[in-house]
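Lettered A, B, C and D in written order, each chain numbered from 1.
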């Protein structure tokens, strides 16, 4: 692909074009404390193209020209990663890429968000088992079955699997995959002492669900610290 | 009503026109953590028209063209809901509409705000009875009797009824109505594990009271967790 | 004074003119949680003129045209309050005016800030005596003796008197006056269950001191709740 | 150096020029609560020039014309400080200058950040020994050995030395120097009851590391208060 064509992939006056939207959304996530210290980010898949911000950059200062664009699906799962566009600057591909791919392949997601939110991390510390569970919260209704299905009901118990962190982010791919297979209804996967991956059919739904889950982790942590039960047998 | 007329309802250069104001206020509420994950919102009634944002959209990204406009009062309470304008996009009417109507009908309110603020939800968890109560806080003076009457005094005890949440938001209409009849002096109704509805004679007073109540829930929760009494028999 | 002259008092292209600065500063204070629900505010005195925002308005939405301008000193302390300018809208004079006057008269302050910060209120709840005290914090160095004198040292103990709240804000004038006479070194006066008044020789120093004091209340509250002593006998 | 040349040092249309960048970064730090009350700041070294904001000014309102520019290295370590440019306003040199110099001289840093973040201060209060330590947190990977070396691994324990505060900031120079020599792997030095100094090879890396460290102090404090161990012997 010629350089000119490659630049066309990230050049648009539409503020909702992924190359423009990802920088804007990342600025918002920074101010929520989700992607400070260069961590975290968002990927957007539109048809056969995936847009991903680079690794190790300040997420509140990304420009459209920093964007990586990848073909979806990849030509072969067994070769090196293929790109439609790499930024001309000396920028590194996001280590989250294989994890975003889990969401695209297993859930047909259109977007996947990764945060280092302290609410998520505190939830993984206070729920020492392999699941975060909370019931009877209105915000549960903002989460969808499997991330892309019907909305949960107020009467459903929200369950988010927790996988153990690994020194290399790429190495989470397999355990995240396993958790997604074992928990087909979960809208995200928590990574202990690290953060969370959340997906949706498009960026709006992925973002809304990330906000709902983060809210539920935050209030769950507050409840647990206040000695309140986070699961009710019956209500009211 | 012709389409052209319908667009006139939400087209204005006045930043205080409800169609412009609701998006701006919702952006502010988003940054306060009141309407994340698409939850919550604000309705404004000006004379015989009510403006409401759609359900299930990112509240910090609403445009005037997303707005629903309804006649007030409705032509008949027993027929399907009537609209002066529906957005052309595939947007859903807010499930809060019947609850906003409670505020318009029972209190002659000009605006009603619904938040999912964690301060409100934590208050409903720590006050397990049917009322939130706090006394001797300056911010009580920012709340009005019944939401639309005279301002409370520093010596008044603030009481906000708490109703139980239901799976469908519309089903809260009756219990909210009952609580408003039983507590004619209350400026809002808390919904357990969900949030709050607050109203006022206009959007400015509704917003100011929502801020005061949210402040009082927040400090009440802090006091209770610190082991401080939230009601004083006498002062100083 | 003719209306035209009166408008000149609040019309300036200089962003640092009090009529422009007060709205800007109040927006900032709103986002710090100091003046939500219309409470709190800032007054600026330049020579023989005092600029004050109105009572009961949303502090993040003030316009220069909302401003009250008063002569300093007042022609007579025993007559009704005299104004150089009143806004043409139906706006009420701030109930804080007599308290701001304490700072101008007793400390020759050029600015006085009033906040409802929860850090200040929590400090008055956890320090049940008549003083907030903290020692050995770097931020103490940002506070000045009496609010307008030399900066405190890291080795000085910060003392802020606490007065009891009254139903009418004006009625705090006398007890605030007494506290300022009794504590000539204090840079502010806390009002129990209400907030704080802080002053300085100009708006920059008043604002910086309000930030330092608010920081010290916040960390003092955190320390007390964590069981840490807030006063050290010796250090290190 | 002629006045004209001196102004050229701080005049640029490039938003990444240190004279433009420092004001922008300080505004961001203010909103993170790192530099309120005029405290804290950032220095940037580009080749043989160091840019530093003045002492005692509101860090969210700095202008490029306020900037001090110093030659690096200084002509003689034993004479008074030499400047390439001093602001024409009556502004004081930052008391942090000798401490920033530690980072330039001992670590060849390109930028050094000083914050009064309450997370850092609370960490120094809850870790009463001479070190803050935390292990098994993803955000550790955002910190570099010695601040300018390779990135830490998830399996590394983060150690930040804590020095005792002194009445005069300049007097910290020696103990910070000692701590940096004793802890060659540390990316920053905590100052008890005061804040932190963090450095990096350039402003981007210094800022990212400050964010990572601040995150780790914040979550470390939360964990300690929740009774969770902040160091694990083994994982998972």
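Note that a residue touches a chain if its C-beta (ideal position, glycine included) is under 8 Å from a C-beta of that chain, and two chains touch if they have at least 3 such contacts.
Just so we're on the same page, UniProt names per chain: A, B, C, D = Methylthioribulose-1-phosphate dehydratase.
Owing to the predicted nature of the structure, the values given are computational and were not obtained by experimental measurement.
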Any chance you could name the chains that touch subunit A and subunit B both?
none
Please compute the angle of the rotation superposing subunit A on subunit D (C-alpha atoms), rounded to a multiple of 5 degrees.
90
Are the two sides of the subunit C and subunit D contact the same residues or different ones, given that same means over half of the numbers occur on both copies?
different
Could you put a whole-Å number on the gap between the CA centroids of subunit B and subunit C?
31
From the C-alpha centre of subunit A to that of subunit C, how far is it in Å?
44
Residues of subunit B that contact two or more other chains, please.
none
Taking all chains into account, which pairs touch?
A-B, A-D, B-C, C-D
Name, in rising order, each residue of subunit B that touches subunit A in their complex.
36-39, 58, 116, 118, 121-122, 125-126, 164-167, 191-195, 225
What does subunit D use to touch subunit A in their complex?
136-139, 142, 153-155, 204, 207-209, 211-212, 214-215, 218-219, 222-223, 226, 228, 235-236
